[in-house]
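Beneath this line is the structure, given in structure tokens, with notes to follow.
To keep things simple, chains are lettered A, B and C as they appear, and every chain counts its residues starting from 1.
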Amino acid sequence: DGRFSLGLRGLGQFDNAYYDQDDSASRLSSANGGALSSGSNFRRAQLGIQGKLFGDWSYLFNYDFGGSSGNEQQGRVQAVYAQYDGLAPFALRVGAYPPPANIEDGTASGDTIFLERNAPAEIARGIAGSDGRDAITALYTGGKLYAALSLTGGKVADSNTYAGEQRAVLGRVSDLFYSDNDWRLLAGVNGSYVFTPPFTNTVGPNGAHTITFSTSPELTVDDTGTKLVSTGAINAEHAYHWGVEGAAQWRSLYGQAGYFGYGIDRVATGLSNPNFDGWYLQGTWVLTGERRGYSAANGAFTSPKPSVPLSLKGGGWGAWELAARYSDLDLNYHEGQIGSAMPADGVRGGEQKIWTAGINWYPNSLLRFALDYQHVSVDRIGSTAAPVVANTDIGQSFDVISLRTQFGF
Amino acid sequence: DGRFSLGLRGLGQFDNAYYDQDDSASRLSSANGGALSSGSNFRRAQLGIQGKLFGDWSYLFNYDFGGSSGNEQQGRVQAVYAQYDGLAPFALRVGAYPPPANIEDGTASGDTIFLERNAPAEIARGIAGSDGRDAITALYTGGKLYAALSLTGGKVADSNTYAGEQRAVLGRVSDLFYSDNDWRLLAGVNGSYVFTPPFTNTVGPNGAHTITFSTSPELTVDDTGTKLVSTGAINAEHAYHWGVEGAAQWRSLYGQAGYFGYGIDRVATGLSNPNFDGWYLQGTWVLTGERRGYSAANGAFTSPKPSVPLSLKGGGWGAWELAARYSDLDLNYHEGQIGSAMPADGVRGGEQKIWTAGINWYPNSLLRFALDYQHVSVDRIGSTAAPVVANTDIGQSFDVISLRTQFGF
Amino acid sequence: DGRFSLGLRGLGQFDNAYYDQDDSASRLSSANGGALSSGSNFRRAQLGIQGKLFGDWSYLFNYDFGGSSGNEQQGRVQAVYAQYDGLAPFALRVGAYPPPANIEDGTASGDTIFLERNAPAEIARGIAGSDGRDAITALYTGGKLYAALSLTGGKVADSNTYAGEQRAVLGRVSDLFYSDNDWRLLAGVNGSYVFTPPFTNTVGPNGAHTITFSTSPELTVDDTGTKLVSTGAINAEHAYHWGVEGAAQWRSLYGQAGYFGYGIDRVATGLSNPNFDGWYLQGTWVLTGERRGYSAANGAFTSPKPSVPLSLKGGGWGAWELAARYSDLDLNYHEGQIGSAMPADGVRGGEQKIWTAGINWYPNSLLRFALDYQHVSVDRIGSTAAPVVANTDIGQSFDVISLRTQFGF
């Protein structure tokens, strides 16, 4: 009678990549990306069930056997939650899942334009969100207005020796403020605040409890999981981020942009508190005329659905989409000069700029091939005691070609 | 034609807890519970399939992605077995699964009154049973009489360097000896005997092969998985337990009690063989008038099914149940006095007494919220060389508030 | 409309074994099988979904929670792929899966005659194939002719520090060149070539990149996962294998044989390049008259389907099958003499000869019990610095009884 449903979910994302680094990269330590590893990796290999219970409740059990560090990991919780829908458009969700963090985060992992979400949005969602985050979320999904406020804890399998897990709030609001036959305009704000950083130290409840901002170069095939930009572990009292994003669609053209600020309040040391920022701009053009869709449930856009699926007999070719992105993530703070020691309150996290161009082919609504070219530039200064030679340039530029084969339902 | 069936199973149990310890606990080492970690944890996140084949056979594939040590673990076998039902009410089951150990063990993990089974029954089922135990079981499930005899081996993923896995027998018999419209009375006995302890040592086939009795304080949210009472590893020739249990139901009232004795036969040392015991008493009252059910297949009672599910439109509120429990587990043997060295044959495992009061809310037959308050008292003496100060009191008392969100089918 | 399908897959293989070793084996180190561990193990505990999409595409998501090293492992990708069938009988498959390696490999893991595939075929499929291998395969499955050519990479969860994963090609061709009412005759060739060995060293891109040929004694219950024959890690430029196989069926009799050669091209050292070989002969007789089937999709034979399933009421007894095998795997190369140091270019991998006799009982088409007796003989010389005493005989002979309980669909 429609009050109960049960569906199976599967998602496979098989990535292949070739990293083309200069010989000059060999001066760098392995941790700084001296030798990125080409090859293949299942970014996601998921299996799950979802459905409705008694009309008023919904649930999801979703497990992932892929990996985001260049290697497949063993099966683990990606999202398991129960949700009360009896007061729609309000809902209450509890469990472990990616709590709504921003528009880019709301784009489902099968619907992202490129292989990975842009780095600035990735940092923002990582602070108090991302896969397998223990959370309770109040949701409002009213067609145009989307709002979510989450109280979040640690991530699944995080282990904390003392005094409990991270505690944070995370929220986003967005509005599809204009839509007609040709246009859709979406704007949103988001933010997070970490009340209590995770206690992962082993030296006692008064030891360091640190937070690190770092992310991969918008690709995770490299087996070593190298993160070229990273603030390193900072002993933190609190951490936060705020962000603004917008998206615009005109027929089969789509554009999206965002700006994020991040900061850490140090455990009292007399040193100034570091802050960082990042921004991105990305767009697509569906050559075959289809349009990206809009999901009111996620407050974000979805992949185009091909109007004529590939068929060697019938003559269809699916949907073809061109895409481009630029992102700039700056994790430096009072970083000082090459050749000099870092100021006492400095953070040499590095600045990462990435150009990406891509072609997406959707033979049908359940399959996708994504061919991307990236040009990655990292500007970063090593630390005093740092890899190979102190205080030298540990940045690099390189190109990557990658191909994702994706199938999911 | 009913001879084949295939069903999906899902079970999510998301626990949140706050441990309220005295400042005096900080004198204790971390291993003795000096700093229990509040937070959240998926106790169980299961996915499975089950069904019938050719009418005469049944099977279960069930995998768990949650964890019982305060952290979610990676997916693993909880129960995978095949069963021959062609001689019903007799059956033969083979595979890895929790072999029937006692009435409390027979209560399905989604039907337990509190977040965890009581500690004395948990010790009893742990010796030769519990999740993922390799076993072959002869079952008799004749409506009122329930009997199970299992030959059991190691647990899934146990690794044994020498001479093979633990070998043991485990049995239980229970009888629903009286039932009418108002009353149900159930009594049972159980026992286990370990012929060969597991060879987990690395120094050769003649090295120590030890058995440890220990369990969590009837809650497993603490990230460190601390077990406040533990016999420590005892070099064992054999181990055993025996138990008696009873349960009585009158309309929406339910009571259950049990007593268990445990013992270890040492590898010949001239020292006396230690033995231990524990008992529990627990009961519930379903405020909304429903009754706990009885499962002849498990020889144990089940959760009440709400007669009117929660509905903001229709006015139902589901079922509400009050519950209380007291358990006393004594793992001391010739423990001597505080301030003195332990006698040569002593075991300072500690005595744990727990009061629990709880409210269970079943909005519908597939959902449950359980709010529990526990008062835990541990009396335990440290060893000569032991944590912080030798031979001192390493016990403590503390309170815990916990909330489980459970959904399953 | 038949263009879409979705099916669940489950496979459980629960193995019990008793290793009967001579006392003389205790002279051997644990790594050389001084104490093989009897007990039980889930060889496979799989859960998956498979189906068709849009008529032209097929897919498989299959995860394994069992283990091949004597212990169950945590859930991981066994096979996840997408396949394009729009040009049947040609197909293109991409993902991670066991790429077609030889006739024995093509025999599905639920259809193998004994508990494990024969050791010589296992070495051959391990070089560039086996479970969870990243690959792209061009397939031709034309009823009688079967051909597969795969470009393969690393295995799922392999981690490579430098310069990427192994790269290899793997191919097989077989032809069911004669079949009538009584007879089926199948012949095939296969081969693989490793262009680039895996870079698993940690000392830099110019460090060793090694390949090892080793395999278990056609049984994997032993908890220590001991491999009695092994070439050890050889710093390799390339590796390869070639093989020929044939199978013949006459009514309910079945026979199969194969010969394989393997080799490694060393990184230039002035030493000769080692090569090895192995062969096997195996056959079955279905006492109850059924016949092994032939799968054109796999280019290999399948288990017999019982014509009358077991039924205590109806009188059926399922299918019963007798089986025997002999395999000889020689991983020695210029191994020299007992008591003398190994020649500089020698490899003391050992020679393993195994006799196996077995009874398979198929109570119905989804269940199977396999009782096997094996006599294993290993001739092997220890290395100069080797376990216990240098250059002595580290071989042994022993018997094993094993029982597999299998259920799957």
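Convention: a residue touches a chain if its C-beta (ideal position, glycine included) is under 8 Å from a C-beta of that chain, and two chains touch if they have at least 3 such contacts.
What you see is a predicted model; the values in this text were computed from it and never measured.
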> If each chain is a dot and touching chains are joined, what shape do you get: line, ring, star, complete or other?
Replying inline: complete
> Are the two sides of the chain A and chain C contact the same residues or different ones, given that same means over half of the numbers occur on both copies?
Replying inline: different
>> Centroid of chain A to centroid of chain C, CA atoms only: how many Å?
In response: 39
>> If a residue has to touch 2 or more other chains to count, which residues of chain B qualify?
In response: 47, 63, 65, 73-75
>> Quick check on the complex: what are the chain C residues that touch chain B?
In response: 8, 10, 12, 14, 26, 30, 35, 37-40, 42, 45, 47, 63, 65-67, 70-75, 223-224, 309-312, 363-364, 366-367, 405, 407, 409
>> So in the complex, the part of chain A that touches chain B is made up of which residues?
In response: 6, 47-49, 53-54, 56-57, 59, 61, 63, 65, 73-77, 80-82, 86-87, 94-96, 132, 134, 153-154, 156-165, 199, 204-205
